[in-house]
Amino acid sequence: MQIDEQEFFKKTHIEITSEDGAKIMGKPIGKYITIESQSLKENNPQAHKQIIQEVANIIKSLLPKVDEKLKVLAIGLGNRQATPDTLGPYVTDKVFVTRHLMEFVPAEIEKNVANLSSLAPGVMGLTGIETSEIVKGTAEHIKPHCIIAIDSLGARSASRINTTIQITNTGISPGAGIGNKRKQLDESTVGCPVIAIGVPTVVDAATLVNDTMDYLIESMLSETQDATFYQMLKDLGDQEKYSLIKKTITPTIGNLFVTPKDIDEVIMYLGNVISNAINIAVHPSITIDDINKYAY
Amino acid sequence: MQIDEQEFFKKTHIEITSEDGAKIMGKPIGKYITIESQSLKENNPQAHKQIIQEVANIIKSLLPKVDEKLKVLAIGLGNRQATPDTLGPYVTDKVFVTRHLMEFVPAEIEKNVANLSSLAPGVMGLTGIETSEIVKGTAEHIKPHCIIAIDSLGARSASRINTTIQITNTGISPGAGIGNKRKQLDESTVGCPVIAIGVPTVVDAATLVNDTMDYLIESMLSETQDATFYQMLKDLGDQEKYSLIKKTITPTIGNLFVTPKDIDEVIMYLGNVISNAINIAVHPSITIDDINKYAY
Amino acid sequence: MQIDEQEFFKKTHIEITSEDGAKIMGKPIGKYITIESQSLKENNPQAHKQIIQEVANIIKSLLPKVDEKLKVLAIGLGNRQATPDTLGPYVTDKVFVTRHLMEFVPAEIEKNVANLSSLAPGVMGLTGIETSEIVKGTAEHIKPHCIIAIDSLGARSASRINTTIQITNTGISPGAGIGNKRKQLDESTVGCPVIAIGVPTVVDAATLVNDTMDYLIESMLSETQDATFYQMLKDLGDQEKYSLIKKTITPTIGNLFVTPKDIDEVIMYLGNVISNAINIAVHPSITIDDINKYAY
Amino acid sequence: MQIDEQEFFKKTHIEITSEDGAKIMGKPIGKYITIESQSLKENNPQAHKQIIQEVANIIKSLLPKVDEKLKVLAIGLGNRQATPDTLGPYVTDKVFVTRHLMEFVPAEIEKNVANLSSLAPGVMGLTGIETSEIVKGTAEHIKPHCIIAIDSLGARSASRINTTIQITNTGISPGAGIGNKRKQLDESTVGCPVIAIGVPTVVDAATLVNDTMDYLIESMLSETQDATFYQMLKDLGDQEKYSLIKKTITPTIGNLFVTPKDIDEVIMYLGNVISNAINIAVHPSITIDDINKYAY
């Protein structure tokens, strides 16, 4: 694991290189890069600029090297009608798509841009269709070298909400954030490598309760000798404890999610960071000086 | 307290009639009517129709009796940019306003409608202005017999979210739901009686944790003899316990709120119920058969 | 041509049955049904109910007869970010999709509904992808018996805006309304029959000018003997005259469209009429009494 | 009249100083400054920056000089539900309001900002209230030194749509753009000076037809000797001709407006330009280097 601390962000880079490593980590072989920054949820253009450049570099390092013009399909996962879930469609609406212009532009201009297209396939609850079916069907016609999939995620802890960008070259499960986990989007299901860019924008209620109880009990116990209840909870093991809380919470408030009050605004910050980073990573002639020029 | 159980809802009616009663209840003298219905958060037109009629009756019973044409100002409290907080503005956009038509319509038609106007004053965080200042300033020009204020509230327990309509003739504190509590809107601050219609649409994270821990501990302790931690918590008293959780939760996740995934849709159901009820209560010639005719 | 006048609408039914007929009409062999009603753009639930039933009957008559469970894919064409172009996505968001539930529901319920899925593929300007590629790619996985495509159209005359529903079994060109005409969606391009439902929601500026000049000149000339300018224009022929106006208008105001002020509200009326009609036509157990129950 | 041509805009400055001048111009005594720029409707951050600085300078020159802390109320006119009419509310949502913070901030910070508040009063069709009543009522409580009112306007010619910012210190008529002209907001109706910032975002259909016919006839007549129809039209005089077209157009298409296809995006450009300009003009310590920092 490499850690890189910069002025406005912290980058963590993990690479799983063997089947054994994959088993230990419980994740497929591949690269896992995380950018952490409190500035992501604030109106901080200077910090965002630094992060855009870094995310662009990371995406570029994960894109396949090809001899012809690079063909990329950006997939914006999520539900346009639930604010914390709109990050994916926001990004695909903003990236600078060029695929449809290829035949019309002069050769001089054409060489400055990649062949980029985008699609926001919606969510299964509203379409009745597995996202992977729409993506695979479309990819069979476009034949991209690579898919970049952007999605809102569920946070594993409340403190990570809107402060973390997770990038991997191993694919993604649509709807892992809010809604049920769906069929994986990866090379085996859609036919080309899938770079996934995810941002935790919500936390489920049970996780929130779990985390808070942990903090609370820990701090209370430091002041007492007797710890029967805590010991009891601790003996359960993490997974069992979570399940217990989940089971307790579900009948009353099953369908709730936890998200910041200013989520509309924060989605805009995050969406601008990611769409600018994709434009810079994918198109040869777009640079950090063009921020918001192609992705207002 | 009167309780009335109907097919699709339960109505609770409390009236505080004396200063002593007000002290005991911790609320001003006045009427407090609550409609509870799980159907409010579902697409159930039949149930909604029954509830619209009941809410219309309740509003009508609280409106002042006047000898001239009734003049009502509907105030939609809340922030248009945070979905769970849009109920108020949604309703004021939908009610059938007539004040500006009074001078133009023939006398025959004019007698069929009250003089209704509406305003969504925004929230102090975006305007810099106390809501009561805007409402009072406007009311001084309109001179309504009565204000009907509609607002999203914070729930005291997660199970009440989107299932409860609270109506009172004692006024309301804007922003009591999400955001800070603001100056009360009531007869003393705005110069005319204020009927408040509130619906809990969010719960704060600390309340959620508190409720869940209560359930959880209660159910775990039934299986054990030893209860030191629970006893410890119990000894704190409710208010102290909540404060402790709040204090624990705030540094990490202070700004979060908890709301259902389908809140956009539910706001529409609630908004249609309330705007139709206001139209029926206020305008003499609009009845339950006109649902959605003046408030699509 | 059959014409059927009802209380709230007028229905016109044209069928082209031969290649000769197709040549004369300049349209492919097939059925062309038009519903005209001023009520479509008004808040008139009674009229809408009558029209929903009629549109449902028309769709039902065009659906293929199959021996197994009917499988339908609804395609919502248009750009979610330009109000007059949102009708298609509005409808696909509202229809009662069931395809993803098929394996989970009991046999008793399952027989009451068709297999319906939906997709809003976006517009080429934002995706870089021909709509027909996305639709064909998805249809290859879903293998529907029939596609129902909904789109906003450009009106041939301003008076038709939002007052006409055009239904045909011969397919549709996405973006024929606002934006450039794209590759046809029909059996030859997507692999199954395509029922198209279109509503003119805009008129291009040149058409508006053209129509108005015609009215104006006609009315002015009735009062004069001398008609040189009119004669001059008339001699041009309709197509030439339109081109001339278009050429005159484009440099200054090329990118304009003409639409009613209350278009947001009217899209909602139209969208509710069409989504309810699709639900009734497609699902065996949904009837006119279920209006808005499955398509709020 | 002073004209100033810069790289990205043209500024026109007219001052009416006497009652005679006012009679001749048909406008009240005051200053009228217009910024024209095609870049306003394009994604051109460099041009926007130049224009923001200029608009800020203009506003600053029109603000009253006061000895105490400057108190300004920004009023966003227009209907949030009709895209071309959302400019005003967009701006008031974005300006950096401070009035409610005054008592809480340390003196050091407090001296860096003016006392700014904002309000989007809605339109009379949805509120039933004259905008001037709401504004006056609120201003009586806030007692601002000056109101800045922002509104979408109707263009006098299609070519001016979204390319012109009109600034004056003589007030404004809400709804002059799309909708009926309402009571003037000026010192006489609201009790303090009113700086108005207007941008034409729509043109009415009759103006469009009128302009096009003028172009068309002019260009056709250059090729002919005989001009009876044109002469006939010309003899009418401009006002009569417009009325004739209006009369011809109204029965069919009365309620239409003409606006660009990308109006959602253009409103964002315009709104960001104006809200940044207001922040710079009003708050002593905000400068052109803070673009989007207080008005993302």
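So that you can tell them apart, the chains are marked A, B, C and D in the order they are listed, and the count of residues begins at 1 in each.
Here is the rule we go by: a residue touches a chain if its C-beta (ideal position, glycine included) is under 8 Å from a C-beta of that chain, and two chains touch if they have at least 3 such contacts.
Note that this is a predicted model, so its numbers are computed, not measured.
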Select the chain at the greatest separation from chain C, using centres from the mean of Cα atoms.
B
The assertion on chain A/chain D checks that the Cα superposition rotation, as a multiple of 5 degrees, is 180
Set B-C beside A-C; more C-beta pairs touch across A-C
How many Å are there between the centre of chain B and the centre of chain C, using C-alpha atoms for each centre?
41
As a quick test, compute the distance in whole Å between the mean CA positions of chain A and chain C.
37
Residue ranges of chain C touching at least 2 other chains are 81, 265
Okay, in this complex, where on chain B does chain A touch?
81-83, 158-159, 161, 178-179, 203, 205, 208-209, 211-213, 215-217, 219-221, 224, 226-230, 232, 244-245, 248-249, 252-253, 255-265
Can you list the residues on chain D that touch chain B in the complex?
80-81, 92-93, 97-101, 116-122, 124-130, 133-134, 136-142
Taking the complex as given, what residues does chain D use to touch chain A?
43, 45, 265, 268-269, 292-294, 296
